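Chain lettering (A, B and C) follows the sequence in which the chains are written, and residue indices restart at 1 in each chain.
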Amino acid sequence: MKVVVVAGIPGSGSTTVLEHALENLDYEHVNYGDVMLEIGQEKGLVGDRDDMRSLSPDVQKSIQKDAAKSIRERSKQSNIIVDTHCTIKTPTGFLPGLPQWVLDELQPDMFVLVEAFPDEILLRRISDISRTRDVEMTEDIALHQEMNRAASMTYAVLTGATVKIIANHNDQLNTAVKAITEALQIK
Amino acid sequence: MKVVVVAGIPGSGSTTVLEHALENLDYEHVNYGDVMLEIGQEKGLVGDRDDMRSLSPDVQKSIQKDAAKSIRERSKQSNIIVDTHCTIKTPTGFLPGLPQWVLDELQPDMFVLVEAFPDEILLRRISDISRTRDVEMTEDIALHQEMNRAASMTYAVLTGATVKIIANHNDQLNTAVKAITEALQIK
Amino acid sequence: MKVVVVAGIPGSGSTTVLEHALENLDYEHVNYGDVMLEIGQEKGLVGDRDDMRSLSPDVQKSIQKDAAKSIRERSKQSNIIVDTHCTIKTPTGFLPGLPQWVLDELQPDMFVLVEAFPDEILLRRISDISRTRDVEMTEDIALHQEMNRAASMTYAVLTGATVKIIANHNDQLNTAVKAITEALQIK
């Protein structure tokens, strides 16, 4: 069975595209952060998601690896879509969501990056009143998407997986959903 | 002796540039796909090139590794130019032509990417009636070249090789041939 | 303690930004090339910097590794900023400054790329009469910065480090110094 990683920066609409695509797909949907939280809780290390950040980097790394192993394990039963970040924008820079030790355990078959034009993302973020998101200029948004492309290509070289770019432009959600659905249905 | 990998997307003119450059170079020219086919045939696994695709991914991977090992072996006798794809555009996304397990065996010294402007490539593809090629928009062509740059830089970090970008613009074939020839003649 | 790598292409102003930032930071400043030279001299292999290039690639690689190990060792005592090249533009192409075997020893926490607009870099190079630098067109400068971004993202995936991009535009040195200082002060 397949392990597919789907990611997109905030405002790319990756979650929406994924939700619609899952209606027509025989894939189990897994959120990487949720799996990490479950493992942290089972080990008695954390109560809720906020506690995760207070763990030492080594413990976080160990949980991250265990989560990858657990997801790979589940893929023996069904196809898995992992919803995660390609890179996370932090105050110290772009942090890869899938560093080498995660890739070694996860062994994904495909990375999907959901993208949109930077100005589309900017306007979606501004109008999304449900979340407080940092306001970024279009050039910062473009940079984040560029770094995600580079990171995903590195992921692909390390694992032999493919990188599929899905454009999710305004008023073209159906096109994006169709494109991701077709790519995920290929045997 | 050196192992140099030369690649370019369809319409970049990489094959033409390479053929002209080889006239003045002391390099043996090897096509990666041909070497894989020979190995598959020796092992009695395939008859022709089309059979390769029906092999299981694990068998393909094993042949891919053996091909890399065989090419590295030949480089004891002479400088080798390997003609292959940097990434292959497939329905499931960009597939790296040289995943980690190939790089480990091949240990190339240099990657050459032959590029052109996306609109040059678009027009060359349209006028190339000898092949049926998928029609791609210039932005898709630009994306493929961008992903090849990222992939080749990953290849370089994993092996310590260099990445040389050669521009092959319309009516400037001689410039491209001269540039690749000079780069390949450096000791 | 942290190991941070700071790089920027010639004319990016990375050295100037770094010098100013170091005034307010509790970091020891180390130049990668200097450490390699010291190690080469201790081993009696070289007299001065020019001798380094005449060493065989294997010996250079071994010194490069030892330098990384030595810098990682020093980081037990204090935070370290390593001043080096992300990729070096050579006649055979872009050579990664931190190939895998260096990353394995160095285990950096953060990569900082200091950038500017290609035309700013072009004009800074032309007016810098203290050095003879190859004249490059703005598109070559843009390409070098693009390859550095891709290389640094590969470094990050292999090590789990972050990549911070710092813009150092004309007349905005203070902004660049402030940005790098803040990123380096995060615990």
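The rule is short, and it goes like this: a contact is a pair of C-beta atoms (placed from the backbone, for glycine too) under 8 Å apart; a residue touches a chain by one contact, two chains touch by 3 or more.
Bear in mind the structure is a predicted one, so any value in this text is a computation, not a measurement.
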Expressed as a multiple of 5 degrees between 0 and 180, the CA superposition of chain A onto chain C rotates by 120
Comparing which residue numbers chain B and chain C contribute to their contact, where sharing over half means same and under half means different, the two sides are different
Note: chain C sits from chain B at a C-alpha centroid distance in Å of 30
Residues of chain C that touch at least two other chains are 150, 153-154, 158
Counting only contacts in the complex, chain B reaches chain A at residues 61, 87, 90-96, 98-101, 103, 143, 146-147, 150-151, 153-155, 158
Counting only contacts in the complex, chain C reaches chain A at residues 110-112, 149-150, 153-154, 156-160, 162-165, 182-183, 186
